[in-house]
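Here come two complexes built around chain A, the first alongside chain B, the second alongside chain C.
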Partner chain A sequence: MQIFDIFLLEAVLNGILFGGVLALLALGLNLIFGVIDVVWICYAELMMLGMYCVFFLHKVHGLPLVAAFGAAVVLVAFLGVLLHVLVIRPVLNSEPINQLLVTGGVLTFLQAAATLAFGIDFRNLGVSMPSLAVGEISLPWSRISAALTALVAMTALYVFLKKTYLGTAIRAISQDRAIMPLMGVSPSRIYLLTSAIGGALAGLGACLLVLQYDVHPAIGLTFGPLTFMVCVLGGLGNMLGGFIAAFIFAQLIAVGGFYFHLEWGYVMAFGFFIIMMFARPQGILGAK
Partner chain B sequence: MDRRWLPALAALAVLPWVVPSSYVVHLLVQVLLWSFIYTGWSLMGRFGLVSFGHGAFMGIGAYAVVLLWNFHGLSPWLSIPIGVALAVAVAVLIGYPCFRFGIAGHYFALVTLALTEVVRSVIVALRDTTGGSLGITPNSVLKDGVTWSVQALQFADKRVFFYIALAAWAFGIWVWHRIDKSMMRYAMEAIGSDEQAAASVGVNVTRTKLAITMISAALTALGGALFGQYQQYVNPETVAGIGVSLQIVFAVIAGGMFVRFGPTVGAVFTLLLTEGLRVGIGNKVNALDSTIYGLMLVLFIIYMPTGILGKLAEKLRRARA
Partner chain C sequence: MLELSRVSAGYGSFQALFDVSLEVRAGEAVAVIGPNGAGKTTLLRAISKLIEVSAGEIRMEGRSLGDVPAHRIIDLGLSQVPEHRRLFPRLTVEENLRMGAYTAAARPKFAQRLEMVYALFPRMKERRHQMAGTMSGGEQQMCAIGRALMSGPKLLLLDEPSAGLAPVIVQSIFDLVRKIREEGYTVMIVEQNVRQVLKVVDRAYLLEVGRIKLAGSAAELLASAEIQKAYVGL
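Coming up: the complex of A and B.
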């Protein structure tokens, strides 16, 4: 094999683009963990519902794609709030592991309910975008725009958290849960807001992924585990760590899949995760 | 175990001869095998070591036996110990660093989740050997009038497997009971409530957790191997992966993970639910049972975290007092 392989370069570039989307998904989960201190195991299932929303509004009801995207983001944001109020709030003060398991129940429920409602068919949005060809490398625009949108969304969230009053309140809650109520910040309202933002990010992720992948009820199982591992690898709640970890993970999958087979890419990524857990259990950027 | 249990076990043993059809025997075998696996999981779960990795142990046990039989003609009597040993080795590989570096709670659950996915992905990726997502069937020796083979652990009559499952289940309950009465239980309870305090009074935290994880993994792998042999078919989605791990967790929580027969009650409950829905509504809506499972798991954790049997035991204790 040549040292510089054009197809390898293409795999690397695809990995970078995939990393952008993965980083967006991890960001939503990290935000929720950092603020509310729960892991939404069912995060990717919320995303799956968003994908169905885009599919039905655009393909079946003929709404413009942008309107369908907007609706999906709003819907999933609402689902995030609903999840918090109905499921998370009742177990907020029980053992942490119950909070993990309860969202595991939501995962099973959503996946099965989607199977009931939509069947197990793979559904394609049918929006085809051209590819960008640079020399011999061709990159689909759907991937490029997804990665760019993810970057913009992440920057917007960063500015929101750093520059606005509400953003400051969110960061403050994640730093000290006990003291903030004394400073006049209502945690329950911040939790609701965070759930909505986390949900909206999942909804946005849904819009970006539905352009590249077929929707089916089990698609959450493809992206869910990846997202958790990216978050844990980066240090749960550590947004910058999650960002870096997303790109490492995406590279492993893309390049590993290029040399061997897609599944081996996943095996390598998961194996890397397990090894890293022992090398740096607090995450790549986490403080001990 | 207590001598009082012998009549109960004897009553169970005649069950396959009095039930009306082989379908009921099939249900009984399913209940016993799953109860055994659930009991294995609850050994860890009851002390707060929530693992999503038991799909991995089950998959290793089930696939080791089928693959060694098909490709090397190794009898399950030899390959089951190999599969169990492999699962225990993996448990140590994952468990030791986890416990040594204090990975617990959410992190432990997520690391074990990764393990399940590694095992499932490896099974799918090695599709030339394992049959990939389509699963694999052990080569059958049951033909030309041969109805049973002890060496291949294949029996045309489900009742034979009933006794194997019954023995496994009783063994699982016995292990649960022994641990319940051992010093390990107190050590694990101390670790569960405060790891550092437990270490400070001389509990070897890493070793104790590792021991319970190894036992739990061994039981689960054995259960997986027997399940594969009984079904005469294994599939990465039904013996490995997140789906199985969640199924295990759900059933144990529904039944009650802190009481001896809780996992068994969970197995009975979930199977009755699945079969009841199937008989009542038919095969068409096959996701309905999972929909209800998921919903009930949520409700159980919110309203009844000690499970059906746990709640009953609590009520009884209160009535007596």
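Coming up: the complex of A and C.
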């Protein structure tokens, strides 16, 4: 084998692009956990609904793709708020195990409901984007635009959290919820806003995924565990850690898949995850 | 300005305040003193509506707080520096001050009040990009007071600002309280540092096991046998 393999470079670039998308998926889950201290186990199922939303609006009802994307983001943001009000709020002060169980219940419910409503068919959006060819390397535009969108969304969220009053309050509430009213902040409103943002990020994730993957009721089982592991690897609730972990994970999957077989890429990534859980259980950037 | 009439409050079935009546007039500094567990913090929590009162009424400038939600209390000009400071440890000093100016009324005045707080505490200006949790206790107390001033309150509530600080720092905190009074703020201060606090306030109340035991001018309380014996330790 040559020392410099052009196809290895292509795999690395693909890994970077996939890392961008994974980082976005992890961002919403991390935000919710970091602020509300609850894990949305059903996060990927919200994405699944967003993917169906894009599919039906665009493919079936002929809405422009951008409009379908916008609708999916709004829909899933609304679902995030609904999830918070109906499911999370009643268990906010319960044991973590109870919180996991209820959101796990929502996962099963959404999967079953999607199966009933949409059947088990794999549905393809059928948007074919050309590839960017540089020399012998070819990168699909769907991946490039997904990664770029993820980057823009993450930057926007960062600026929002850093520069605005609401963003500062979102960061503050995770540090001391009890005194927030003394600042003139209503904690329940901040939680609603955070749930809406977490939902919107899941909705945006859905838009990026549906460009590249078929949607079916169990798609959440592909991306849910992956997203969750990226968050844990980075330090649950730590957004920067999740960002770094996403690129490590994606690189292992892409390059591992290149040398052996795609499935082996996942085996390597999960193996790395298990080793890291022994070496650094709090995550790459996690405290404690 | 602030009036409590026969206020009772507690936690669940546990009652911590019994029939507490007191008053803070505009321009005054008033202290509430009393031993550990007397209910001093509970009193301030009730005023800020962090807990509900079970009986009695609290009025700010004549307006009953009964139907005001907790996060709207600050709009009435009431700002509290809570017990143990409670800064947001992983926000910078300036971000903590920003949280103090969160309300719609305070936001347009953020820059102006920030200068005011930095003038009062030059140290905070030096430390403005430091994480609040990494500062010394005295610095954190300054930041907590600054944060409470950012909303431009009429009445500042302070819960044991000198607790847990070295004697030199305690002195500077009381100097500060005096300075804040001179700036024209009305102050209500909870303290266990009885001798020191009675030097900076006009009047004081003695709270014991949830009840007001004594009330009077600072000089009267300082001279009273009860205070001398139990709190000043002479």
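For this structure, a couple of remarks:
Methods note: the second predicted complex is superposed on the first by the 288 of 288 C-alpha atoms of A that agree within 3 Å, B and C clash if a C-alpha of one lies under 4 Å from a C-alpha of the other, contacts with A are read in each partner's own complex, and residues count from 1 in each chain.
Keep in mind that, in the parts below, a contact is a pair of C-beta atoms (placed from the backbone, for glycine too) under 8 Å apart; a residue touches a chain by one contact, two chains touch by 3 or more.
Worth saying up front: this structure is predicted, and the values here are computed from it rather than measured.
When both complexes are superposed on chain A, chain B and chain C fit side by side without a clash.
For chain A, the partner that touches more of its residues is B, with chain B and chain C as the two candidates. Residue contacts after overlaying the shared chain place A:176 against chain C, while chain B stays out of touching range.
With chain A used for the fit, chain A forms the apex of an angle whose arms reach the C-alpha centres of chain B and chain C; rounded to a multiple of 10, it measures 100°. In the superposition on chain A, A:116 makes contact with chain B only, while chain C stays out of contact range.
In the superposition on chain A, contact is made by A:186 with chain C only, not with chain B. The minimum CA-CA separation between chain B and chain C in the overlaid arrangement is 22 Å, rounded to the whole angstrom. The contact sets of chain A with chain B and with chain C never meet.
Contact residues of chain B toward chain A in the complex are 48, 50, 94, 97-98, 101-103, 105-107, 109-111, 113-115, 117-118, 121-122, 124-125, 241-243, 246, 249-250, 253, 285-291, 293-298, 300-302, 305.
Chain C meets chain A in the complex at residues 48-50, 69-75, 79-80, 82, 86, 88-91, 95, 98-100, 102-103, 106-107, 151. Residue ranges of chain A in contact with chain B, taken from their complex: 39, 87, 90-91, 94-98, 100-102, 104-113, 115-116, 217, 221, 224-225, 228-229, 232, 236, 261, 263-264, 266-267, 270-271, 273-274, 277-278, 281. By the touch criterion stated above, chain A contacts chain C in their complex at residues 165, 168-169, 171-172, 175-176, 178-186.
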